[in-house]
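Each of the next two complexes has chain A plus one more chain, namely chain B in the first and chain C in the second.
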Partner chain A sequence: MQAEILTKRQLKSAYVTVQKQTVRWKEIHGNSEQYVNSLCNLSEQLDSCEKVPDDLAAFLKDFPDLKIRLRAKLLEEMEKMVGKLRETLCSLQEVSNSVSRQYAASMHTYHTHAVELGIPKVVERSATEPSVADMLEWLGDIDRAVRELYLQKQFLLDTLSYDDTRQMQSLLKKWTQGSDLDTMVMGILAHLTFFLEDS
Partner chain B sequence: MSSNLMVVQSDPRDAGSQRCRLGPELMMKLGLNIVDHVKLSLGHSELLCKAWPRQDLAEGILQADQFVYREVDKRYVAEKFINENCVEKVEVGKLLRADIAVVVAGGLNNAVVKDKSLLEAYIGQKLLNVAVFRNCTVSYANKSSLDNIAYVLVRDVECADSEQCAGYITKKTEFNVLEVIRLEQYNQRQQSSGISLGALQRQATVLKEAISLPLMYPQTFHKLCINRPMGVLLLGPPGVGKTSLVRTVAAECHAHLVALNGPDVFGPHPGESEENLRRIFQEAVTISEEGPCVLFIDELDALCPKRGGSGKSQENRMVAQMLTLMDGHAGRGRLVVIAATNRPNAIDPALRRPGRFDKEVHVGVPNQQERREILQVVSRGMSLAEDVDLSRLAEMTPGYTGADLTAVCHLAAYSLLSRGQAEDKNPTQISMEALRKALTEIRPSALRGFDGTTEVSPVGWSAIGGLEEVKVKLQQAVVWPLLHTEAFARLGLPRPKGVLLYGPPGCCKTTLVRAVAGACHATFLAVSGAQVYSPFLGESEKTISQVFQRARATAPAIIFLDEIDSLVGKRGEGAQSGVQERVLSTLLNEMDGIGVEISRSGGSLKVAEGSSCTDEVEKKAVPVTNNNVLVVAATNRPDMLDSALLRPGRVDRTIYVPPPDLTARAEILRVHSCKMPLSQDVDIQELADRTSLYSGADLENLCREAAMQALQQEGLDTGEVRHVHFMAALQDTAPSLDEEELQQYQTLFSK
Partner chain C sequence: MSESSSGKGSGKRRKSSGTPRKSDSSSPSPVKSPSVNYAKLSPMAKKVRDVAADWHNLIQRWEVLNTSGASVTNKIVNCKLTNIESSDAAEMTVEQTAAVSAAGAGEAADADGMSKELEVCCNQLTDTYKAMAKLWEKMEKLTSNLKGQWELQQYQSDKDDSETGILFQTWPIQHFYEVSAELSEMYSKELKLKQAISENIAHLSDRHTMMFLASSWLHQPYMGNRRDILLESMLVETGHR
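== the complex of A and B ==
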């Protein structure tokens, strides 16, 4: 009996954390979109700047290194934006890590009491309360989904190149892609409403 | 008690979770807790999974995520039901280190893939908590992801506990990326590992040299100032394995293979075909910058036919584009173009010069030794009965190509299967008999759909009465050179090129030749006058030379010219049109071997004139007897033949087939009457006595006539043929030969 209570308590705290972290993820992600937007914007400016022919107008002769300066300026701005995005990435990693820790802790608690619990107990579910196996499974799913999303963002930043306009233009779409994490977690938490309320 | 489990496709939600869904009772029975690792042996692959209870708690169903697996046997079809014993619990510890290869889709140009340490860190995070074992594959093929990583191949693992062979990945696991592979190349490797080549080693070596030498010794190539080989042209009849040769070699050299099918390139609009061609070349060039690449053009004759012929401008432009592309990419990058064709003479000659297709490799119809190797390869996976003798089978299959031999083996297996179904038992082994039967059904593809030849069904020696002397002569002249080539080579005896059978009509010359065809396992091509002659100018000669070409390709072969006097008569006689003369001269040329052309059989070693022939070469060359073509002609008007045909060197042996003598006549009568119910009083010996000057055909007719007489005299329900009937038949039939004629035949060549 002790084992079941302990496991469920751990699971409950894990899901509470997940709930908080999801909200945090959403917030961070929402904030990051503006950086991506401005990054796209800057890249477009850079592209336009590159396209200006060298012998365009007479007045450019007075400012011979205007183009180079402009380019340097734009690149500096872009660097700044990418720096911001890197910071975002760090916070997202924290979220991911905290979810992972909860999952690992829950698994650990289950494992220490696995023999005592036995399979029939683990798969037993009621109208108001999902089984332990279900909850562990969902927790695992959330953990994987969060890490996957985090990895995608990391990959995007790692492969970013300032001169590749086409890549830059599609960045926003790729960045927001798969942000249905929220829906997924909400769907799972809906199953757990009574379990989490019950103290 | 163990029960069966139904294997069901895994839930898409489980993809990438490495879960294996089992019923809770089964989990209890196997002593499994949630997330305990299990190994599933599914016949075609082994899976490493984590045990989870099913959500609906149903028993008897197994749903495993195909995430971490190792392929065991690809030919094994996945079964619907498996036994519980296939699920096995394994202990898994922490993984310290892993050697991996990464398969990436769509180009290797992004920063993460290029930077090894970045990639290692990335993979480490991606695979966190996944359990792997040695030589397993982690598949991301079904999930679209930004990083384009399709598979991670785990080559070697090192666990914390050295006894364990599987481990799960933690944050501290070290990765070592051995290689990064393109997805296309990985797929090719998976496919081509199934192909295996029998024979063809010589050709494979040439191709391998062309592909890998420039890669292995780039400096030397530079120093010697030679261009790397650009193109290799494979020539040979269909079905000998040109395409599979290229695929295998490309796989062995780890080269990427871009296939270009001639007909695929053509588009409906002007300029589109050229554009397609340029695009494919460009693709190959791009890939060749990353690694060795082979551009394989199958059926080159369709793509680049001879220019200027029928004035089709599109094809001309196509050839021109091809030439430009070949020149443009020559010696640059690591691109090798290999083309295959079975009609080398239809290709534009401009392509066949050094600098474009530098090398031409002949892939010929396999000889006996090669056929044996092919049979071994083909039947490797089959369970053969003990009486199957592959060398014997190889001996029996002249002219069969690799594809034919495969078809023979498969047909034998199929017939076994259908028979097993009829008798309601499981067939287990392929017997020699089944293979023999399959042989009769599948004709060598080299001889299929070919004008100018007729089918000849072989008969046994015993079906011919008498003529013992002639039989021995014929065996010496025809069967020995084909079956005992070593003995002939040992004595320095040249093989006879032609044998002429002559004699009065109806003395079974044709039947003798049919018996020969059955006795030696050679390709048998019977040429009939009706099919050789055609109303078109030059067509007849072409047919003759084609027959010889075919015969050379499928050597050893016998070409049988029946009634040769009507096919080619004497020259310079009468006001005939020149067709016969031209056919004759073609025949003479072909017999002299002047017409040797494209279809040289592979495997022969050519020794330059005057160079000393080493022992080794000789040994190798002896069993590989090509150009082993024997012309057997039959006629009853030897005086009508051109003397040029009859000289030694062309027709070396002339064999007189005499009319049957006394004993032979008795024998022939016995052969023909063996199916008749003869009455006791029939005296074959007396009949033989009274039928001098009767030919074999006459005697057959006599038997038939006697049976008819019996029916006529005794009524339709008679049961036997009596001596009187033979006597009556003798009255009715007259001998077709006469003394004078026979005298002529005998004096003709006895001078």
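== the complex of A and C ==
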């Protein structure tokens, strides 16, 4: 009996954390979009800067170094934006780590009490409460999804090249991809409404 | 910080009351010995302090103008681009169909509205440029002010060379002049660029060149990080920061 209570208590606290962290993820991610937008915009400007004919218009002949200087400025701005995105990434990593910790803790609690609980208890479910096995599995799913999204974004930033306009233009689409994390978590939490409310 | 810098932030701080006194060694010294007592500055130092504050204000106002100018250049570019695209489309239709008159009339009306909008934007940009030019004139005045002070000090120190010439903590007046001159130089170059942009941006047809000009306006390529360093160090030196 004790084992069941302990396991469920751990699961409950894990899901409460997941709930909070998903909100946080959404918030951080939403804020990061403006940086990606700026980055795309800057990359477009950089592209134009590169494509300007070398024999600049006559009225610009007094500014022979304009192109180089502008390029430097644009790259500097882009560096700043990527810096902001790296900060975002750090925050997302915190979220991911926190979810992972909860999953690990839940699994640990379950393994400790697995024998005592027994299989029938683990798979037992009711109208208001999913089984322990289901909840553990969903927690694992969420953990994996969050980790994967985080890694995807890290990969995007690591492989970013300032000169590659096409890649930059597709960045926004790729960055916002997989924001259905929210839907997934909400779907799972919907099953747990009574379980989480019940104290 | 000393008591005189309580009204910190923007704005000039010309003290109307109280005659400037030379620091009096017999009076009990304030608590912080290493920092400069800004209440008891020499008249020249007070002037230089005002100049530094003015520099800060002018640069702030310049930045505001730059931002508004950048949004106007963007509008102009967008205007031009839609213009070009629509005229391209018009040519296509003319080639494909023989119905010229109706489409042509519609286009003409469209282009007319567009050119009016363009004109408004261009006027705005010219106004912005003029306002910036005025700011630059003020900057030049600040520099010549400092130059005058420097020359005055040289003249005075010719007569008696006991003065060390350091106004606040480390900078002599000459250094203030040099910094101010360098800042003025940057802004003068930038202003010339703005002039070129404001006069020509509406007469272009190449997309990339237009974008290039618009982003040149926004990012101010002749203004390096050095500007911030110069300004900040001047403010720190005069005790505004």
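As a working rule, the second predicted complex is superposed on the first by the 199 of 199 C-alpha atoms of A that agree within 3 Å, B and C clash if a C-alpha of one lies under 4 Å from a C-alpha of the other, contacts with A are read in each partner's own complex, and residues count from 1 in each chain.
Heads up, the rule we're going with is that a contact is a pair of C-beta atoms (placed from the backbone, for glycine too) under 8 Å apart; a residue touches a chain by one contact, two chains touch by 3 or more.
All of these numbers come straight from a predicted model, not from anything done at the bench.
Undergrad: Based on the shared chain A superposition, would you classify chain B and chain C as clashing or fitting together?
TA: They fit: once the shared chain is superposed, the two partners occupy separate space.
Undergrad: Contact-wise, after the overlay, does A:2 reach chain B, chain C, both or neither (first, second, both, neither)?
TA: neither
Undergrad: Tell me which partner A:49 touches in the superposition: chain B (first), chain C (second), both or neither.
TA: Only chain C is touched by A:49; chain B is not.
Undergrad: Check the contacts made with chain A and report whether chain B or chain C touches more of its residues.
TA: Touching more of chain A: B.
Undergrad: Between the C-alpha centres of chain B and chain C, what angle is subtended at chain A's, in steps of 10°?
TA: It is 120 degrees after superposition, to the nearest 10.
Undergrad: Report for A:114: first if it touches chain B alone, second if chain C alone, otherwise both or neither.
TA: In the superposition, A:114 contacts chain B only.
Undergrad: Looking at the overlay, what does A:126 touch: chain B (first), chain C (second), both, or neither?
TA: The answer is neither, since A:126 touches no partner chain.
Undergrad: Could you look at A:137 and tell me whether it touches chain B, chain C, both or neither (first, second, both, neither)?
TA: Touch partner of A:137: chain B, not chain C.
Undergrad: Once chain A of both complexes is superposed, is A:63 in touch with chain B (first), chain C (second), both, or neither?
TA: A:63: touches chain C, not chain B.
Undergrad: Going by the contact rule set out at the top, does A:72 touch chain B (first), chain C (second), both, or neither?
TA: second
Undergrad: Just checking: does A:151 make contact with chain B only, chain C only, both, or neither of them? Give me first, second, both or neither.
TA: first
Undergrad: Closest pair of CA atoms, one in chain B and one in chain C, after superposing: how far apart in Å?
TA: Shortest inter-chain C-alpha distance (chain B to chain C): 27 Å.
Undergrad: Identify the residues of chain A that lie in both the chain B contact region and the chain C contact region.
TA: none
Undergrad: What does chain B use to touch chain A in their complex?
TA: That would be residues 13, 16-17, 19, 24-25, 27-28, 33-35, 52-53, 55, 57, 110-112, 118, 122, 125-126, 128, 145-147 of chain B.
Undergrad: Using the touch definition from the top, list the residues of chain A that touch chain B in their complex.
TA: 100, 107, 110-111, 114-115, 118-120, 122-123, 133-134, 136-137, 140-141, 144, 147-148, 151-152, 154-156, 158-159, 161, 174, 177
Undergrad: Given the complex with chain A, which residues does chain C contribute to the contact?
TA: For this pair, the touching residues of chain C are 192-193, 196, 199-200, 204, 206-209, 211-212, 214-216, 219-222.
Undergrad: Over in the complex, which chain A residues touch chain C? Could you list them?
TA: The touching residues are 44-45, 47-49, 51-53, 57, 59-60, 62-63, 66-67, 69-70, 72-74, 77.
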